[in-house]
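Going in written order, the chains are labelled A, B, C and D, and every chain counts its residues from 1.
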Amino acid sequence: MKDRLTEELLAMRAAQEIRPGDYCNVGVGLPQLCASHVPTGAIVQAENGTLGYGPLVGLDNVDEMDLDFIDAGGSFFTTAPGMAFFDILTSFVMIRSGRLKSFLGGLQVSEKGDLAIHSLSSVDKFPQIGGSMDLAWGAKRLIVLMTHNTKDGVSKVVKKLTLPVSARACVDLIITDLAVIEVTSSGLMLKEYAPGWTPHEVQAQTDAQLILANNVKEIEF
Amino acid sequence: MSKICTAGEAMAIVDDGDMIAAHNWGISGSPGYLFRALVERGVKDLTLCIPNLIPLPEGFVERGLTDPTILIPQLKKIISPFIGARGILSSISETFLSTLAKEGRLEIETSTHGILMERLYAGAMGLGGIYSPVGVGTIIAKSKEKRTIDGVGYIFEKPLRPDVGLIKADKADTLGNLVYRGSARGANPVIAMASKYTIVEVFDVVEPGELEPEMIVTPGVFVDRVVRIPDEDVYSGKRRPELMKILTEVMLARGG
Amino acid sequence: MKDRLTEELLAMRAAQEIRPGDYCNVGVGLPQLCASHVPTGAIVQAENGTLGYGPLVGLDNVDEMDLDFIDAGGSFFTTAPGMAFFDILTSFVMIRSGRLKSFLGGLQVSEKGDLAIHSLSSVDKFPQIGGSMDLAWGAKRLIVLMTHNTKDGVSKVVKKLTLPVSARACVDLIITDLAVIEVTSSGLMLKEYAPGWTPHEVQAQTDAQLILANNVKEIEF
Amino acid sequence: MSKICTAGEAMAIVDDGDMIAAHNWGISGSPGYLFRALVERGVKDLTLCIPNLIPLPEGFVERGLTDPTILIPQLKKIISPFIGARGILSSISETFLSTLAKEGRLEIETSTHGILMERLYAGAMGLGGIYSPVGVGTIIAKSKEKRTIDGVGYIFEKPLRPDVGLIKADKADTLGNLVYRGSARGANPVIAMASKYTIVEVFDVVEPGELEPEMIVTPGVFVDRVVRIPDEDVYSGKRRPELMKILTEVMLARGG
């Protein structure tokens, strides 16, 4: 079997979508890995109330850990010049007002850009929605990061969602371990594919119909 | 007339059946000291509005720290966008929650962080309801009124006006003006505004004038009672370095 | 003709309604005069964004005037320990959330506690409503200060408003230059009358029917 | 990519027909320098959302200060709770307003301070509308939907989402983070949040890190362009003592 992108490479490709001057939110899980690849001049938001914080505390600098400096996923961050603190109400005004590029994980994305991010079973048991529906609705541009297929090989890029919808017609770009796919008004457009793969092979792994971009090419890092 | 009192004295306001709001997003900014006092108060049938109901990871509870799951036996309803945590919901709380939910004794109302915030804000502002764009066509919208306005779909959300807000701040002056620190600010300011009665736990109480007027985040008018955490308590300002040490140990033990 | 209370005495009587620990808003005009009689321990709010400011700047201390320290009526205030600044959104959350005692002027108050504070003509020309409708709706306790009669001798305490309503069933207490009248569920209750007047004489100046309080007495200062 | 620019450069974003929001409650906190730049931009048919439209008293305009009434020739609509002022509306502006209003060329929408704030907040939050309790049965409610919720009457208010917000702050850093001073804060923070594009005039621009993170009131994400008022301008930080002197003179002349 051909190699798919590692999580790290997927995150690196996703981080290319962040431009200097951008404000972005990187969701818990796979998207969080983008944080280490954010270009200078772009600013990351944590929905629990910080903008523009520094690199996360790692095992090599635990002495810099501060109880009151945590990101949305509960990781400790270091300070950075120009960072700002605010309450969660203001944070969700920020998120809802369309000023952030959002990077979210996903379970399924449909041809229309509908996103499923919560499985029915987990929602039924206890709600674990957090701020993801707000982030999906309010994003200036929504980029979904996910593996192309489930562990059982089932496509997550689908004609129609089979899982419960989290937000409709919200996804702008899908980045998987196989492809970069843009959601357009005429359907899903394959723009890039994983090194060593062909568009045809990517389509074979995909439930939804893919339109080939004119300049479709291999993903570069 | 002074707002300064003990947690026990402050809790006297809480009655059976009250709606309580509190912040939770990790230890920082969550009023753990007041949670313990609310358990001691012994009231029941409470509704809890809380952004997250996340139990502490192993290693903390053993050291005297608490999380909002200790309130579960006193609750009849939880309004929260996030209950549990990836892999760290202790088996005790999980069993407890499932059992209660299954028996219909504990109602759980799903929300999102943004919707919870806007409902609290709407309560503070005296609104009758709002048309909110998030969650249309999802589980969130279940049995809620829908409406299309200028071509966009919305769902009707009702305001939340908690009877008592339990909040945490870094410092208060004796007038109840509050400042926070870092991400500990959280939902505390909006809970203070929305609640009919607000109780705050703080590390320190200072005299009026010691807090820079531009830096005050929650003006004292929103704060009814100020509880200074006693120095000997694990939550106190004095014992924060110790708490930090516990955290570091846990982090190093988990390998990051 | 018998003497009525001066504006200053009216404001002094109104200020007796403020207790230590109270947060209050004193509207532009007559209510503003209460500000100099606020007891120690009570805190005044200016709806343009300050809580707990010090005494106003007068002609004797113009050097203390600061361009950025103005109250809702545009007067300059001095600083005071424990004061707080905030934006107008937060200010109106404060006003709407029922935590302030409000003192407003009025053109008419009805038996049901309906308040008219804007004349039709001025509203028609240009809106000059400001925050008064918010203050009337949101007050923990609403005290209206006004002269008992118009310059032409017409009663402002009326059975039914003849001027456009600003807020319905909102007034708790009316303080005029003739009387202190409480709005109760059974009607308007005369509690105090101006020195030298009798309840009967006050009623004669009043369109609405007044109920005599058991302990009706002369206004004291 | 820098947010720092001149007022003229910043104004290029404003088009005919745009909705503009700005603060006004006396001189302090009102973006007088940007008002002048908007006049120079020469666009028309604007809608202006403003808490007050209060002309400056005699003695100020003569000294180069402006008030938002200079925008009137460019407006097709004003949304404001308060237009004019007790006795100080200059005869020129008054005549102008009356004429326009009478001829139907200038639409005036009455509001209250609280309603204007909540409509801007609703716009920022992406709401479709809110049920507001203030003004039921009054001129404010005219031709608006009514609804009774839990026994209380409300009117339906629509969000405001201005195309451009013109605001004023004390200081900005180069990332657009803002701090205000005293009652100059005003409606500036909510206008910054609600507007699609926000331009701020400031006395000073500093480097990132010079503003204490806890003190930042408007985070830079809400600010698109930062205009430092040139030192020679009457509105500049340098000339504030002079402005103060004018004010004192006017106050003394008026006798308080």
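As a working rule, a contact is a pair of C-beta atoms (placed from the backbone, for glycine too) under 8 Å apart; a residue touches a chain by one contact, two chains touch by 3 or more.
Keep in mind it's a predicted model, so treat the numbers as computed, not measured.
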| item | value |
| --- | --- |
| Joint neighbours of chain B and chain A, given as chain labels | D |
| Chain at maximum distance from chain C, centres defined as averaged CA atoms | A |
| Whole-Å gap between the CA centroids of chain A and chain D | 37 |
| Chain A and chain C: spacing of chain centres that average the CA atoms, whole Å | 55 |
| Residues of chain D touching at least two other chains | 114, 118, 121, 125-126, 133-134, 180-182, 213-214 |
| Per-residue multi-chain contacts in chain C, two or more chains | 85-86, 92, 96, 137-138 |
| Chains that touch, pairwise | A-B, A-D, B-C, B-D, C-D |
| Contact set on chain B toward chain C in their complex | 1, 121, 124-126, 173-175, 177, 193-194, 196, 207-209, 211, 213-214, 216, 219-222 |
| Touch list for chain A against partner chain D, complex | 20-21, 23, 41, 43, 45, 51-52, 79, 81-86, 90, 92-94, 96-100, 137-138 |
| Chain B-touching residues of chain A, taken from the complex the two chains share | 46-50, 58-59, 62, 65-72, 74, 85-89, 92, 95-96, 118, 123, 125-134, 137-138, 164-168 |
| Interface residues, chain B side, partner chain A - complex | 25-29, 51-52, 80-84, 97-98, 108, 110-115, 117-118, 120-121, 133-140, 180-190, 217, 240, 243-244, 247-248, 251-252, 255-256 |
| For the chain B and chain D complex, residues of the former touching the latter | 114, 118, 121-122, 125-134, 147, 149-150, 152, 154, 158, 179-182, 212-215 |
